[in-house]
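Just so it is clear, A, B, C, D and E label the chains in written order, and each chain counts residues from 1 on its own.
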Amino acid sequence: MTETILTLILFAMLVAVAFAIIQMRQLFAVVLLSSVFSLLTALLFVIMDAVDVAFTEAAVGAGISTVLMLGTIALTRKRSAERTRSDILPFFVVAVTGAALVYGTLDMPNFGDANAPANAYLRQDYLDRSVTEIDVPNVVTAILASYRGFDTLGETAVVFTAGIGVLLLLGGLAYRRAEDDEES
Amino acid sequence: MMFLVAAIGLLVAMALILVRLFAGPTVYDRIMAGNVFGTKTVLLIGVLGFLSGRPDFLDIAILYALINFIGTIAVLKFFRYRTIGDALPSEQDT
Amino acid sequence: MSAVIDILSWVCIIGGVFFSVVGAIGMLRFPEFWTRLHAASVAESGGMILLVLGMCLQAGWSLILVKLILIGFFLFVTGPTSSHAVANAALVSGQNPVVAKKAKKKRT
Amino acid sequence: MATPSDDHGAPPEAIFDWAFLTGHAEYWMFITLMMAGLFMVVARGNLVKKVVGLNIFQVSVFMLYISIGKITDGTAPIFPLNMDVDPDVIYSNPLPHVLMLTAIVVGIATTSLALALIVRIREAFGTIEEDELLILERAIDTEENRRYSAQSAGDA
Amino acid sequence: MQHHLILRVVVKILVAAIILFALYVQFHGDFSPGGGFQAGVIMAAAFILYGIVFGMAKVKQVVPEWVVHRMMGLGVLIYAGCGVASMFLGYEFLNYNAFTPHHPSHGQHYGLLIVEFGVGVTVTGVMISIFYAFASRPPTLKDSDW
């Protein structure tokens, strides 16, 4: 019960921050609010038992993403322009999409249901097997690196590719090549 | 019980700070509110750990205590020098 | 013994919550940036120390105590530093504090 | 609602069931957040704000996944250090945590890619507003069309 | 930021603490929340903080750009190399039982450590190089846009 009430309060704050971000025109305030948004997100993850995810969100949201967004604003502009078009059509589209999604949730099992299909079989299997097969306390690490090792290798490759993409776009590599050409 | 009181108090404080964050007439009000919000989050994570009976997840709170500083410093540097990396030579040490 | 520790941590936590909420109210209600900064930095540090102390008393002798002390130390170092940095940046950018005479003039 | 099969066979009047409402309110909150992000992507012209909107959308998807793995009265899926696993303790589902953990880091990497693209767009066009970009693109298109038609007319 | 004496002293203390904490998260990830992804981001955050306060020239002396670029690929290589090594030992790709066949769970422990280390190296490299790419670009903000 306590958890539900805490979730509700934090969630109300989260939605308030999201709507404030929609309203803000000063891009710098948007960045600041999005860092607060990630703080609240990490709190919600802690309440929902996802400690590892909260850890990642904390590491990413508080430091790096704020710095990167500020770097972008420093290279572009500080305020967003006045919007001339009306918001009615986008609002209609979003409302219809939301209604469809809500209709979709009606068939879902209850929040926190131990017998839900997602929790009934695979969860118990992982928890039982990792005790004997991997023998580390943190099941999340065990699944991440061992049972789903291929997946994580792919994710690492994606992070690597994104880094290469940023270097190609922002000239980290191009500058160096130009310097090398001048030297030779 | 005592941690429930602490959690409720911290939530109230966070809500009030959030109002200042939205309203903040100057930029510096907002930066200050964001920083204080981070501190309150650190404390709330610690309290939530005690509340759920497994206080061995305080690593997240340590992480926030260390990292939340970076955002504040980056924002301030951005406002002072208009950049994240090196300022232009003419603007150095203004 | 445990009753004494419980009472002590109750006192610490109630005090910490009091300072936190009062600091937040101050941030909301004070009229101008420098007074708000005062409310934020001082009350925040006080409330933080008391809350961490209350949690330390409940934790007992364990790794958790060490982690709580680390949290307290880092918050104790970073909080005032960032307040100082905010104040410095605001002063350089030309945010002058409203002095008493001006305030009186404005009010009348 | 003891088993999931009951849930599927529930008649429509079960919507006013209290357990059903409290059990689904969380999902609806995530959908609200998701729609806030979508609205920002669709209705705001500034490219940086679009990226922030995408981030909000992403976070709400993370939460939806995590909430599927949450079990009432459960605890985080980390055993005690001495591996003395108590069979009575309920641990939440660790699988969604694994999926979302990697997704967050990939998310920040792709976000930075998007931000790098925005920086390049600004350098090429001088603006990061969608409306102005569309006008510029249209001007470039008409210019190219005119040149092409002039060229083909010259050829003929 | 030459004249911010308090900031510079505090940041010197904090950077060391953040790097130490990142190493803790990296190698204690089997026992408590954490792992390669988180540790990489935290490690990068330490260098970003140093770069913001002390300037890009200083931080590029500590971690030169070529080191960062090599790190990006090195992590993926460590990860994939771990899998290839297990293949050469006669097991499947990324089956860590190969390292100590008589005691499979020990092999799993070694495998987890190596793989998480690879992930951590890649993420650190990518995050720092992204920061370098954004921060090394000369600011082009016009006064009208400010």
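Basically, contacts are C-beta pairs under 8 Å (C-beta built on N, C-alpha and C of every residue); 3 or more make two chains touch, one makes a residue touch a chain.
This structure is a prediction, so every number in the text was calculated from the model and none was measured.
Participant: Spelling it out: a chain qualifies if it touches chain A and also touches chain E; which chains qualify?
Facilitator: Common neighbours, chain A/chain E: B, D.
Participant: When all chain pairs are ranked by how many C-beta pairs they have in contact, which pair ranks first?
Facilitator: A-D
Participant: CA centre of chain C versus CA centre of chain D: separation in Å?
Facilitator: 36
Participant: Counting only Cα atoms for the centres, state how far chain A is from chain C in Å.
Facilitator: 30
Participant: Please report how many Å separate the Cα centroid of chain A from that of chain D, as a whole number.
Facilitator: Centres of chain A and chain D (C-alpha means) sit 8 Å apart.
Participant: Hey, how far is the Cα centre of chain B from the one of chain D, in Å?
Facilitator: 24
Participant: Any chance you could list the residues of chain A touching two or more other chains?
Facilitator: Residues 31, 51-52, 54-56, 59-60, 63-64, 67-68, 71-77, 135, 137-138, 140, 144, 152, 159, 162-163, 166, 169-170 of chain A touch two or more partner chains.
Participant: Could you list which residues of chain E touch at least two other chains?
Facilitator: In chain E, residues 7, 14, 17, 25, 31-35, 37, 41-42, 45, 48-49, 52, 123, 126-127, 130, 133-137, 139-141, 146 touch at least two other chains, as defined above.
Participant: Counting only residues that touch at least 2 other chains, which ones in chain C make the list?
Facilitator: 74, 78, 81, 85
Participant: When you check every pair of chains, which ones turn out to touch?
Facilitator: A-B, A-D, A-E, B-C, B-D, B-E, C-E, D-E
Participant: For chain B, which residues are in contact with chain D within the complex?
Facilitator: Interface residues on chain B, with respect to chain D: 52-54, 57.
Participant: Mind listing the chain A positions that touch chain D in their complex?
Facilitator: Interface residues on the chain A side: 4, 7-8, 11, 14-15, 18-19, 21-22, 27, 30-31, 34, 37-38, 41, 44-45, 48-53, 56-57, 60, 64-65, 68-69, 71-73, 75-77, 80-81, 83-85, 87, 90-91, 93-95, 97-98, 101-102, 105-120, 122-123, 126-127, 131, 135, 137-140, 143-144, 148, 151-152, 155, 158-159, 162-163, 165-166, 169-170.
Participant: Can you tell me which positions in chain A touch chain B when the two form their complex?
Facilitator: Contact set of chain A toward chain B: 2, 6, 9-10, 13, 16-17, 20, 28-29, 31-33, 35-36, 39-40, 42-43, 46-47, 51, 54-55, 58-59, 62-63, 66-67, 70-71, 73-74.
Participant: Within their complex, state which residues of chain E touch chain B.
Facilitator: Listed in rising order, the residues of chain E that touch chain B are 1-3, 7, 11, 14, 17-18, 21, 25, 32-34, 42, 45, 48-49, 51-53, 55-57, 134-139, 141, 146.
Participant: Using the touch rule from the top, collect the residues of chain E that touch chain A in their complex.
Facilitator: Touch residues, chain E against chain A: 25, 29-35, 37-38, 41-42, 44-45, 48-49, 52, 65, 69, 72-73, 75-76, 79-80, 83, 93-94, 96, 104-105, 108-109, 111-112, 115-116, 118-119, 122-123, 125-127, 129-137, 139-141, 145-146.
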